[in-house]
Amino acid sequence: MMEKMFEVQDPVNHDTQTLQVNIGPQHPSTHGVFRMNVVLDGETVVSLKPVMGYLHRNHEQIAENISYTASMPYTDRLDYFNSMSNNFAWALAVEKLANLDVPERAQYIRVIMAELTRLVNHVSVIGFLLNDLGAFFTPVLYAFREREKILDIFEEVSGARMMCNFLRFGGIKRDLPAGTLERIKEVIQNFPKFLDEFETLLTKNEILCMRCQNVGVLPAELAVNASITGPMLRASGVNYDVRKADKYSIYDRFDFKIPLGQTGDVYDRYYCRVLEMRESLKILQQALRDIPVTGEIISKKMAPFVKAPRNFKPPVGEAYGRVEAPKGELGFYVVSDGTPQPWRYHVRAPSLINLTILEDLCIGHKVADAIVILGSIDIVLGEVDH
Amino acid sequence: MAGFLPDWVLVIKSVLISIAAIAFLGPVTMMYLTLLERKVVGRMQNRIGPNRVGKWGLLQPLADGVKMLTKEDIVPTPADPIAHFLAPILIVVPALLVFAVIPFGRGMTAVDLNVGLLFFIAISSTTTLAIFMASWGSRNKFSLLGGMRSVAQMVSYEVPMVLSVVPVILITGSLSTNDIVLAQGGWGGLKWFIFTPWGLLAFIIFYLCGVAECNRSPFDLPEAESEIVAGFHTEYSGMKFALFYMAEFMNSFTISALAATLFLGGWQGPVLPSWLWFFMKTYVLIFIMIWFRGTLPRFRVDQLMNLAWKFLLPLTLINIFVAGFWYFAPNTIVRVLMSAGVLSLSFWGLQKLNQGYAPEKRVYQFGD
Amino acid sequence: MNLQEIQSKIEAALPGIRLKPVRESLLIEDAAMLPKVAAFLKNDPVLALDYLSSVTGADYLKYLESVYHLYSVEKKTGPVVLRVRVTRDSPRIPSLVPIYRGAEFQEREAFDMYGLYFENHPDLRRIFMWEGFEGFPMRKDYEQEDSEILETADIEWLDRHGAKVPEGMRKKAADLKAQGKRAVAEKTGKSIE
């Protein structure tokens, strides 16, 4: 059979001086079911091979058997922390495919939800990174206090805290309830104060600096070559953000900057996320100021398909839609054959691709550093394994 | 009663009473310390700790005790049965033994050894062996890693700990804990050793090394939960795990108690009964340990070693010389100023020499 | 730079190459020329396509395909899409890992799911499915179980546990057993060009 033609085998370690340890898949710290085959010499990492696939749910094949709108809840479950961003990417891909326009109010609401998701993600990631460092949940619980407020807004808007399933092709599912915008304004008014408090505790903390600075340094050329995206790329000093490069949706109307690091170590990735949160707050303030008070929430072309989503047959063709998800560049490649089900559906998952250089970053460091570096790459297994 | 019974019965009776008191005090302290830790850490994390079992969670330790006793005792098949079995016992026994030399109050030391301090240091060092037995006997790579880290850490932190106690011994001229407390009496508390320059430094170093000896944050590398699951006690369950847990808390209690004895004047204090003073001081120090746990991330192994050998050790050596100078100099303000000066200078100097760990100032640009 | 210009540039730089525009992408007719085209696009100072965003495999019934989306980080320009087509009997494609490191896991995924064998890949083995799994799940001819049709074994289990099974389902399961077939999902659809 085919496999016999190509003999591929797992690498075997024959050296007896070194210790081969399996970190994971059950482990309090590896952000999900993820395994790393680590070969240690004392405490130093000699080689590290990531093993994934424990959460593989075959999302791509499922999408080939169901209609386009029915894939929307499945995209929620890819990066289960940031469901709105995943929805956004899929909506964008199909809108490119079927050439749909999105009304103004819907665009603003989408951007607001996407940036709120970015806040949720970055704040949780910093908490988890500090958990890996050993600060025993205190930063996590402080971060989750703010996250709860944003999750309450998501619940109000879409009915679910995490698996929102809120966006549709050509707009959003339903309009915001009365008073939501005021509540969002309240949340983002209190957020800078929380960020300052967080920073006082963490940014100049000596132990944090000792553990994170000059650990896992990623040079800029290697980052671009290894297709790294997201805060990890920007922490290495590369000025590339899909929001600025593609100017998708209405991001070109907002005035925000891209924080760039210089060294590309774990500390830079942590701090770039903090700065990105502040930029997201700027975008949110501008969006809340400019959002039209009333308006359509879904494109006119999609109106017949709101009640009958299984009739939606986009024209034959293909499209690749990508957004700047909080973890990196999330892309959807969809090929349509004119039937209600896609012919090919592929997720370009940032977490999977950012793991390419995990081995390179960890070699030469200690086991403790390997965990911290993994925490700074910010993976979520739903995305890695789709 | 004393007149009716022969002498030897009285001796045995007093011994039995001391043993009963300590055997009761040790585990009960540890149980309520776990509850205190969970509630205090919970408050620091903006949540209430356990409060379901009994009012304020006061019966929680009993519930925990019942849980641990009734859990299945799993011994991994390839484990070395003798080492695996003996390790928890070997770690709890020294923790209990050192309760004997702690002066809980005026005349309330269980055994007033005239080498009490030496006894304490010697016995508490055997913990290292027990931890290594546990990690080796478990036949598990994670436990082995944890055990290696633990042995390295404990051996490295023994040295500054012992050396930081030497000034106290020099000044009081005795190894007995009771004598040390008595030497700090008078003047309404101003003669406590912590109020002298060498005493302050010695206290800080002793306390930090004590925290490291107890394997508590930020030095809890051997049981770094997020990295190697549970380190040397990964393969233990049920009562054996409870014994490890108990030993860690008893150790933290005894270290705090000893720090209070050596530097904070033990049971000295006006008005209130002496044992109340002792417990207050000890619990303040325990609270600081819990505070560390709720706030700080943990060190990495090489940073830990550097701290012990390159920073704390030279500092303690200098401290010994300064304490010697203090003993022989006349009791004027000059000796205070000179000692404080020398110590601050050496602290600053060593910090400069270990400069590799100062946080770098980072500059972030903003792209467009 | 639109597709026409890029095509002419590549044809000028690599004589003898055959490119065909397909749905806003360039189909490289000869799979072995793929690394040369990619290296040219990466090193060209005007295009500077140094970021490989996505490597995808796809199954179009008559052939298997591998699609590459290239972007430029320096110039922030849009996608240049390359395609390569191979047959099912000999799905060998040269790997782009020597040029773009980011292709590593994505090519492993394409191998795992479609059986596309990438030559010169440093470590080509299954990434999501477990070792020893046979077959390539995402291919269109991979038989999927239909979860709505019960088989005899399922009906026996249900009977043992006291559930009621409708007569129609029993009959269908018995028919399948008589024919010696498994309950396979029916796939419809014709491919596109």
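Which chain is which? They are A, B and C, in the order written, and residues in each are numbered from 1.
The criterion applied here is as follows: a contact is a pair of C-beta atoms (placed from the backbone, for glycine too) under 8 Å apart; a residue touches a chain by one contact, two chains touch by 3 or more.
Just so you know, these numbers come straight off a predicted model, no measurement behind them.
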Practice prompt. Work through the pairs of chains, note which ones touch, and then classify the graph as line, ring, star, complete or other.
Written response: line
Fill in: Label of the chain whose CA centroid is most distant from the centroid of subunit A
B
Worksheet, complete the sentence: With centres defined as CA means, the chain nearest the overall centre is A
Worksheet, complete the sentence: Taking each chain's centre as the mean of its CA atoms, subunit A sits from subunit C at a distance in Å of 24
Worksheet item: Which integer distance in Å separates the CA centroid of subunit B from that of subunit C?
Response: 61
Worksheet, complete the sentence: Per the C-alpha centroid definition, the whole-Å distance linking subunit A and subunit B comes out as 44
Practice prompt. Would you pick out the residues of subunit A that each touch at least 2 other chains?
Written response: 244
Worksheet item: Which of the residues in subunit B come into contact with subunit A in the complex?
Response: 41, 44-47, 141-142, 144-145, 148-149, 217-218, 220-221, 224-229, 293-303, 357, 359-360, 362-368
Worksheet item: Which of the residues in subunit A come into contact with subunit C in the complex?
Response: 1-3, 5-6, 8-11, 52-53, 56, 58, 60-61, 65, 222, 224-228, 238, 240, 244-246, 316-318, 320, 322, 329, 331, 333, 335, 337-339, 341, 343-344, 346, 348, 352-353, 355-357, 385
Discussion item. Quick check: in the complex, which residue numbers of subunit A touch subunit B?
Written reply: 19, 21, 27-29, 40, 43, 130-138, 141-142, 145, 201, 204-211, 213, 234, 239, 241, 244, 257-263, 267-268, 271-272, 275, 366-369, 371
Worksheet entry | Residues of subunit C that touch subunit A when the two form their complex | 23, 50-54, 56, 58-59, 67, 69, 71, 73, 76, 78-79, 81, 100-106, 109, 113, 115, 117, 123-131, 134, 136-138, 144, 185, 189-192
